Amino acid sequence: MEYSKLKLSEEKVFKDPVHRYVHVRDRVIWDLIDTKEFQRLRRIRQLGTTYFTFHGAEHSRFNHSLGVYEIVRRIIDDDFHGRPEWNEDNRLLSLCAALLHDLGHGPFSHSFEKVFHLDHEEYTQKIIMGNTEVNKVLEKAGKDFPKRVAEVIAKTYEDKLVVSLISSQLDADRMDYLLRDAYFTGVSYGHFDIERLLRVIRPREDQAVFKYSGMHAVEDYIMSRYQMYWQVYFHPVTRSAEVILTKILHRAKELHADYYSFKQHPIHFYSLFEDEMTLDDYLKLDENIILYYFQMWQEEEDPILSDLCSRFMDRNLFQYAEFDPGRQFKIHSQLEKLFREAGLDPDYYLVVDSSSDLGYDFYRPGEEEERLPIYLLKQTGELRELSRESDIVDAISGKKRTDHKLYYPEDLIYSDSGNLEVKREIRSILESL
Amino acid sequence: MEYSKLKLSEEKVFKDPVHRYVHVRDRVIWDLIDTKEFQRLRRIRQLGTTYFTFHGAEHSRFNHSLGVYEIVRRIIDDDFHGRPEWNEDNRLLSLCAALLHDLGHGPFSHSFEKVFHLDHEEYTQKIIMGNTEVNKVLEKAGKDFPKRVAEVIAKTYEDKLVVSLISSQLDADRMDYLLRDAYFTGVSYGHFDIERLLRVIRPREDQAVFKYSGMHAVEDYIMSRYQMYWQVYFHPVTRSAEVILTKILHRAKELHADYYSFKQHPIHFYSLFEDEMTLDDYLKLDENIILYYFQMWQEEEDPILSDLCSRFMDRNLFQYAEFDPGRQFKIHSQLEKLFREAGLDPDYYLVVDSSSDLGYDFYRPGEEEERLPIYLLKQTGELRELSRESDIVDAISGKKRTDHKLYYPEDLIYSDSGNLEVKREIRSILESL
Amino acid sequence: MEYSKLKLSEEKVFKDPVHRYVHVRDRVIWDLIDTKEFQRLRRIRQLGTTYFTFHGAEHSRFNHSLGVYEIVRRIIDDDFHGRPEWNEDNRLLSLCAALLHDLGHGPFSHSFEKVFHLDHEEYTQKIIMGNTEVNKVLEKAGKDFPKRVAEVIAKTYEDKLVVSLISSQLDADRMDYLLRDAYFTGVSYGHFDIERLLRVIRPREDQAVFKYSGMHAVEDYIMSRYQMYWQVYFHPVTRSAEVILTKILHRAKELHADYYSFKQHPIHFYSLFEDEMTLDDYLKLDENIILYYFQMWQEEEDPILSDLCSRFMDRNLFQYAEFDPGRQFKIHSQLEKLFREAGLDPDYYLVVDSSSDLGYDFYRPGEEEERLPIYLLKQTGELRELSRESDIVDAISGKKRTDHKLYYPEDLIYSDSGNLEVKREIRSILESL
Amino acid sequence: MEYSKLKLSEEKVFKDPVHRYVHVRDRVIWDLIDTKEFQRLRRIRQLGTTYFTFHGAEHSRFNHSLGVYEIVRRIIDDDFHGRPEWNEDNRLLSLCAALLHDLGHGPFSHSFEKVFHLDHEEYTQKIIMGNTEVNKVLEKAGKDFPKRVAEVIAKTYEDKLVVSLISSQLDADRMDYLLRDAYFTGVSYGHFDIERLLRVIRPREDQAVFKYSGMHAVEDYIMSRYQMYWQVYFHPVTRSAEVILTKILHRAKELHADYYSFKQHPIHFYSLFEDEMTLDDYLKLDENIILYYFQMWQEEEDPILSDLCSRFMDRNLFQYAEFDPGRQFKIHSQLEKLFREAGLDPDYYLVVDSSSDLGYDFYRPGEEEERLPIYLLKQTGELRELSRESDIVDAISGKKRTDHKLYYPEDLIYSDSGNLEVKREIRSILESL
């Protein structure tokens, strides 16, 4: 029998706290989960530094990837199965793309990507197409199968319905991470009726749509997403840890450029520092490796690197204040000057961080970030764009919300050493923000 | 005001998926959580290798420690408060002991303790009494306060009621880990009515007891515990990962003893290998460090070390079969011989692992492992030992149950290389088990 | 000791699926729960005819009343306790008002109030002030205590903070019913983080307010409320059952006015029909009584009464279509005419039902239905009205949403008997709506 | 197309709090739910008088019946489907039997059956075979289809596998009621992993069995059942209400036999009193009707009837004491005598109630109540009886546990009126129990 058609002799399950069980019947899926590249996702947290704020959020991308696969499996096997708009030939392709969509994520992706100009989507493509165990499994399922899987994840695949299952404003990826992140953090937001969404999802030529009768479940999902972004993902304490993490990477890169002699040679970072990252180097990175260095670097002689690493390891984070970079740029300059006088390098100890989110958007052709809108399917077969039907969604539609915060080391500024006069001045400015 | 009496200006909470919120009002507790020794518990998983079986089980001992603290806080503040048998002076002591009871755990404690003859309880004592941030905080609360906290955890403290809150057959430690491990693994066992247990718990001179009306809640707890042990903690796949982990440690120790030249020098292990562990060395160990070495050791020249490390990193675990070491010792010898012939060192590739548990026990004075029984409190004031009242508990009381499994690398034995004749013989024995 | 200060020798609890336990310590509360007027609430469903749509929604107002009491108890004992803005003297008053706030509800209140011009709030007052067991208990707690409790419920009590606990846009009443109705129906809307709301609620002179840091929990509550209204409370099937129920009551009243001779004399209805309801008569009404009559009336000779009662008992409800009474009044007249020709009295068989809701409103002095807005409390002590701070709430604020449906007996219109020509015409109109 | 094969144009669902959704695809099932006999189950509570103890337990048998149907549907469609041991022809039969298995239950079945020698199973048979809407629907699906459905429910159907789905020690009936009753009461017992049980259930010739790997889930189910019996179903307060209910029925029957002239003629009871119940009479009975009479009878002149009815309506229940009818029969006689002297008829006011349960039993051929044991299926195909494999189940296997209580009206015995001397004597005996 063809490998792509092989079924396990008996269905296997993974116990999953979010979906109860993840069901695997296909040999290809089972083999993909067993690859070293997929197992590596166990060593990369789903939510980066969020565990410093919500201690339960220690779950890995491995968890989430299985969850996305399971949701797509249910959509395809329970709801799309037998409908004329759905091409059953796309089943395995969809499942593989769902399982592998986050494969290229590295440790603390957000910060790493910013500092080293990496792109996890690019690495997902490389892992799928490169000399990897994942590629070997996919290739057994069909000569051009790896390429097709890669295209689905890259959103360039011709069948847009398949693409929409994992990349749209209401896809399996988002459904899983909202539910999963809510579960592990323990927050009560993030719950929506996924059973109902999966009951009303329907295949259409260009994308998956939702029966009109499920509109309120869709609204509820949009609201959950909104709450999760502002309550969890953009939590100021999480961002504080991320600011420190980013600054550690900056500092290490800068020291390396300055021929600083590390006690612990950052061999895993060399190719990062020099923009010569190979796929093999990349696959060796994970959060254990990074945290190993951070722990070792606590003992480096460079006081900034050592201080920032200790802060990260011991969760001695920066304090924050509300800050409006547009109106308050003068205050910022003033603070920079004062920080320097107080012996604190403002490049590392006075950081503005901005988070912004667009809760939902309808289709704006030609704009920077085109988004596929969510469509509701009327009984007549007509499709209606969500924000035209829902008052609540309309209210947040297309509105970008941004939050700026100014981060600084409160302990150093309130300590009794150094230039107390200057520190007093800094404090009075910070307290007035 | 005395430091030990200081309250935070406003209660702080941690969002906890198990207890909803963990509440902190005491300055001492807040400061203890902030110490580097306590933050280190974020880097040690609660359930060791269990995440290889239940992918949700990635939670840390930090989580659990907060949970135990919260349960003791509720017992003391909601239930014991104002009762004559409870000495309010023991409040802070109990809270600190609850929070810190697992402080000495190292990475993958179970395996490390076995291979290197460590004892996490000893290290908990050392951290509390040694030159640490934790010790400094405790000392501010009272000259002999660190010592008293250490005694409670060591079960030598004179007030046995305080000891029983975190060390008995139905204590805050067990209550938290059963609920928490059930939550993160996603299994449905492990749930019991903690609200009810906390409502019926009562202080008595020597230990906490439970009102008779709560007997069924106690039974339910005992059954949950039983199920969690056999369904989760002793899961054969988890034990397979642990077998490999243990063998990696053995191998590295052996290589070090043989003056093997590591590419990646195991500096963090030196004092372990040579039984000269200092407290500082110990505190530097965490699971990131260990996994860093395992990843690096995949490229060592020693084939056993490298193979075992790859297995651990990529979750390519050993297969297992039922095995009775008593009756089947001849088979074992035979297999050992055949493994050697097949080029597989049986010391590393043929491993018997035994797990055993005693679900509940009444008091057997003088026996090796004396256990404090659970007492039910009748309305008359009389105390009755649980197993005398409950048929179900009586049924498992004092009965040690043991499970033996034989672990081996199925892939190597079923591979097409090497001495096929011998491998065929091995397979036929293994399949007959 | 004064009766109003008496505590039970040991706290009593009710197991509650929503709040886990309802805790009672006060003698007065215990005695109130034991009164016959309070026990009567067991025989009145919380959600009227909703159980025809959501079969789990069979819970009574007794349930809900305990829940509201429990929420107020937690607010007062856990959060307000010891704050200078809170007057501890109002504790028992608040608890009693919470427990008794729905005491005057009759069977299927919504329909009964409409048909017979009753007002459950008026009856709550009468029960508290009249010759009842409830009144006797309250009077033991203080001569003017019944009056004060009645005033709190009537919103005329001078201390507006106390009033706001059970009568405002975010009060204990709404918190309980949203959570409870979500639980019993099984819908996933209706969940919000009550723990967090109870943590951030603060007493102020005129009302309870919420700490600014809890804004998202408040938003979540507002959204839950919105979803529950449109997904559960205004569900078209529930309204269909209510239309039939209302029409049964109308018919019985009309028949009585016409001196129709009932086989089953509606003795419990006499005073309703003749607007001479006494408190005693009222207290004898409950849903068992009403359903007894409906069952008996299935055998009345009046074909309309008998048909409607059978529909209600056997859940043979009316079908519905979207309808716009403003634009489609001509169609309505036309249908009325055709229904008459088909032998169907349109007064009973062609019914427009409209539901409307205002999700949240800020303060509009002088308007018909003044609503107390929800205030957020900044760290500076400043109060901010919710809709000015929250985009989402602003989006639905002050916007009344209305839904109209036209109800009719599909079975009769599609049956093969009677004037088929006319029925065909009716069908073609109904299908075009 | 044959009626028995007809599918609804689109799957319909019922929102269910326990199973999330109940799915209906078959026309026959949809039509059965719409029958008046099935809708009648909405007016009969699942747990009789339990709502007096656990106020959430107001759910009806309608709820439970849908749940049992849903579980059998899942077993058949998800797990048995395609397995050689399962005959797909039995699908609809099994679904109908599951849905209708409780159809014959009357109001407060337990008490009514005891007093009036009714048997709800007999009525289930009559409703299915008689002149009813249910019978008409079933007959459309096949001439002998009603008979076959009736046989499955009566356990006389030849295919024992089908019978075992709803009548065995681990069947869909029990699975649903344990989960459902736990949900509505809010207790934490009663949870077991139904997902896992449904994954490991397998068809065998004579009954459904469970894969060996699911043994712990089966154990957990047995323990849940045990706890639910003792914590919920046999709760002494529930039994107190049932004692009163039973005594009301006895009294009314006795009064009728004595030609007592009721103010409210018990027309619905006549055929009960005279053992001439027709199917039509029976179908008219529901809990509304019964509670209507109880409310009216509060005003009867017979003091016993009136007192007992008020107790039931106002939840003024009997108090209880532990009692051993074997050893304490002398005390009982003595109390009877004293009760008479105190003017309290011991037939109504001094009641011994005994509850007993057999948690699990293996097969004892020839014994009174033969029970089909639960079998575990080994990978070899061998079947093993549960209690031989599981220590815990073995512990409770075959052991009947009985609880006796003595019920009496505490208020009357502690009141200050009547023969105080005698009452003092009664109290001193009762307090010594």
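Letters A, B, C and D mark the chains in the order given here, with residues in each chain numbered from 1 onward.
The rule is short, and it goes like this: a residue touches a chain if its C-beta (ideal position, glycine included) is under 8 Å from a C-beta of that chain, and two chains touch if they have at least 3 such contacts.
Just so it is clear, the structure is predicted and the values come from calculations on it, not from any experiment.
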item	value
Interface sides of chain A and chain B: same vs different residues, half threshold	same
Of B-D and C-D, whichever chain pair has more C-beta contact pairs	C-D
Angle of the C-alpha superposing rotation, chain A to chain D, to the nearest 5 degrees	180
Euclidean distance of C-alpha centroids - chain A vs chain D, Å	51
Separation of mean Cα positions, chain D and chain C [Å, integer]	32
Euclidean distance of C-alpha centroids - chain B vs chain D, Å	44
Residues of chain C engaged with two or more neighbouring chains	20, 187
Overall pattern in which the protein chains touch one another (line/ring/star/complete/other)	complete
Partner chain B, residues of chain A touching it in the complex	14-18, 20, 34-36, 39, 42-43, 51, 54-56, 58-60, 62-63, 66, 183-187, 284, 286-289, 291-292, 295, 310, 313-316
Residue ranges of chain D in contact with chain B within the complex	187-189, 191-193, 196, 216, 219-220, 223, 226-227, 230-231, 391-392, 394-396, 399, 401
Chain D-touching residues of chain A, taken from the complex the two chains share	13, 20-21, 195, 199
